[in-house]
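Below you will find the structure I want to go over with you.
Chain lettering (A, B and C) follows the sequence in which the chains are written, and residue indices restart at 1 in each chain.
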Amino acid sequence: MAYFLQQFINVLQTGSTYSLIALGYTMVYGVLSMINFAHGDIFMVGAFLFFLFVSTLKLPFVPSMLAATVLTALLGVATERFAYRPLRGAPKMSAVITALGVGVLLEHLTLAINPYPRHIPAMFEGSGTWSAGGVVISQLKAAIIVFSLLMMALLDFTINKTKLGMAIRAISWDMSVVPLMGVSVNGVIAATFAIGAGLGGIAGVLYSLAYPVINPYMGVMVGWKAFISAVIGGIGNVRGAIVGGYVLGLVETLTIVFLPATYRDVTAFSLLLILLVYRPYGLMGKPKTFKV
Amino acid sequence: MMKIFRTAIHGQPAGPRRPMLAVIIAGFALSIALPYFGLLNKYVIFVLISVGINVILTISLNLVNGFMGEFSVGHAGFMAVGAYGAAVTSVNVIPRWMGAAAFPTAILAGGLAAALVSLFVAIPSFKTRGDYLAIVTLAFAMIVKSALENMDVLGGPRGFMGMQQFTTLPWVFFWMVLSLWAIRNFVYSAYGRGVLSIREDETASELSGVDTRKVKVLTFALSSFFAGVAGGLYAHLLQFINPSMFDVIKSTEMLIMVYLGGVGSIAGSILGASIYTILMEVLRPMGVWRMVLMPAVLILLMIFRPRGIMGLRELRWFVYKAIPHSGAAAKGQNIGNT
Amino acid sequence: MEILRIKALGHDFGGLRALSGFDLALDEREFVGVIGPNGSGKTTLFNLVSGIYRAATGSISFRGRELVGMSPSSIAHLGITRTFQNIRLFKELTVLDNVRVAKYAAVRYSGLEALLHVGRFRTEERRLTEEAMELLTLFGLDDKAEDPAKNLPYGLQRRLEMARALAASPNVLLLDEPGAGMNPAEIGRLIQLLQWTKEHFPIAIVLIEHHMKMVMELCQRIKVLDFGVTISEGTPMQIRQDPKVIEVYLGKKDYAAVAGRTENTGYGHTADNRPHG
């Protein structure tokens, strides 16, 4: 029993990371119908920016995290402005390939600046652990999980209850109605990228607290997992992305429990392939019909 | 200038094709003679071999992305299957005393293995299109990589070695010509017209009687076969392979070569692979910044010239025409020509 | 004599009944018209017959073979081809290749022969090309054979679409608003072309049109749809006088057309369909 509770905490932790990043994929897909393959690398840049502030500039934790989040949000806006916007009318193929290119560009830029893996200094050494009935959870882990859940709740509120959220939902529905509402389409798209990338940046910071060795390719696999989470929940669907992250976390944990740990990725990708072919609109989405 | 390039798939009388044959024979002779008489140093030979392998990869990916308009972005997966297939064949299956005679067999085995595996991508392509198919192919490449990392018999993440260095300039030239010739022939046939019509409008193609499923399976198989061949050549060039050689970055390189040279063009594939490979060599002193330049080029291409240098145009030499001289068509009743 | 029999055909899109209880028995070489206001289910009918959608209810049999559930390409092989309301040519391909694509099923060489350009390949390609050129000559497109299809003027694009549909030697041809976006003079020529096509090729034609003049002059029988339901059917004369039909069109631009002034009607309505560029 304790064993399963312990695994359950692991599910919550990996699931939180996946969900936070999955939100970025899903929001961008919602407004632009485009898969932003660079999003996993935005997450990576978030971790490196955090390293810059905390370790190189020696700033305290909270300002470092804030600065890293704001800068990744700006990076998201910049990729949209300079790489994706010129291609908005172009064939889908061009946009997808550009996104792949932006991802590799971010990886290699980071690599050129940081040729060696970096270590995030341990900041919460004093923090202890709680244990009950054989289940042990570090306060850091608990904080990461709770903070992630808070961020997701905040986003859900923004999407459903604010004017910006309404505009984002309106664009997902039909881009041409938004100007009627007195909102600029480009502004809303930029805001979407800012929010998505900002959440990715926060995920990067939290992740690097739990796994302090960071490298330029760390976003590739995590990004893919987050993307799979978004597909599980039905890409374009915000709540779906949140649920999808935890579902994937569960699937992966189960894989590790029953199979050798190295099968984790194969399982996740096989799940993706099966979903794409048989249920491309995800577990929570609805099928679309096409028109001739 | 005007007469050299044609919009793809049609053209004026194709002209005598003997010059093509002469070029091929001369090229083959040179590929043997130049290294033999020591006229090229090892480095130049290595670069030329890389160009050849990249031409094969580029024409192979161009067949799917440029000619068929489908969306493969995980082509390195097929290359990996070919590389491991060929390597295992030559190290573990074929007895060593067969020497260089075993090489074509091993390459063929790699190509066939890749063609077989291509069904995993061809079948989803019946139902999914566009960016979803892109994800399927990328996920496929990821699965291949993860699967290889999990197979201890193949060395797992450490990789596989023991191949002899069979890959020489003449061999690469031979396989390059073969791939260009076969894919060119395929494109200029009823199947090839099916391929092009799928790119233009898949529904209209179906409704015109094209068996799009069959065409897709054949096209993915042919494309993957040659990606596998390229992988086999690569394995026998480096004498060592590991799963991370065939990652997203390798696939990205292939995309750059296709979109640089020109989509839907055989001449463009040769051009794109040559320019890119040589440029990357020239820029070697830039070190890691060269790796930054590479994706930047891809992004700029997509924004400013998404079809590439030769997009949808073809060199006259490669065009096949069923009736060499126009006017041979039957004259019939002609109505409505008012 | 009967070539195509459609029985109780119906289809819906998420609650919207686009077509219901549609019946049609089409004889060989017959010319039938389908009319009805916008959104009345005409194109849906063609999409069902040609296999793009799988019919929710009813059956379609072609010479006794059930078509529901077949792939579009097999239906085309069997002998039913079509054109589209909004032209769907292979734009970047040449005029000649647009027609040759449709001869896919007529090719008698294997994949290997295609790959090596040996065996039956060369003679077959020559035969196909000659046949395609012959068809293009008939449609007055032979001098444009090497041009990309996208460079043709609008009227010729429509004509090429018909040539492509005929290239597979069908027995039934489905034409979806071939006169869309044409002026009265062009409509006159299109009528001639269709009359001539019908005499020259052994085919039955189903024609969807908003130009009443075309339907009235060409069709032996007409079916009228409204909200997916067949509200009337009969000879052009009967349709013209059917009060139900007049009522459906009442207050709509086509009213005058049905009520008798068949000369210069329709194009004001369909001009919007002309694609840009």
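Some notes on this structure:
Assume a contact is a pair of C-beta atoms (placed from the backbone, for glycine too) under 8 Å apart; a residue touches a chain by one contact, two chains touch by 3 or more.
Just so we're clear, the structure is a prediction, and the values are computed from it rather than from any experiment.
The chain with its Cα centroid farthest from the Cα centroid of chain B is C. Chain centres defined as mean CA positions place B nearest to the mean of all protein CA atoms.
Centre-to-centre spacing of chain B and chain C amounts to 39 Å, using the average Cα coordinate of each chain. Centres computed as Cα averages put chain A at a distance of 34 Å from chain B. With centres set at the average Cα position, the gap from chain A to chain C is 49 Å. Counting partner chains per residue, chain B has residues 203 touching two or more of them.
Within chain A, residues 292 each touch two or more of the remaining chains. Within chain C, the positions touching two or more other chains are listed as 52, 84. Contact residues on chain B toward chain A in their complex (touch as defined above): 65, 69, 71, 73, 123-124, 127-128, 130-132, 134-136, 139-140, 142-143, 146-147, 149-150, 203, 248-249, 252, 255, 259, 288-289, 291-292, 294-296, 298-299, 302-303, 306. If you check the complex, the residues on chain A that touch chain B are 34-35, 83, 86-87, 90-98, 100-105, 108-109, 111-112, 115, 220, 224, 227, 231, 260, 262-263, 265-266, 269-270, 272-273, 276-277, 280, 292.
Interface residues of chain B, counted against chain C in their complex, comprise 7-12, 182, 185-186, 188-194, 196-197, 199-201, 203-213, 218, 222, 312, 320, 322-323, 326, 328-338. Residue ranges on chain C touching chain B, taken from their complex, read 50-52, 71-73, 76-77, 81-82, 84, 88-94, 96-97, 100-105, 107, 109, 111, 114-117, 121-122, 125-126, 128-130, 133-134, 136-140, 142, 145-146, 148, 159, 164-165, 167-168, 189, 192-193, 196.
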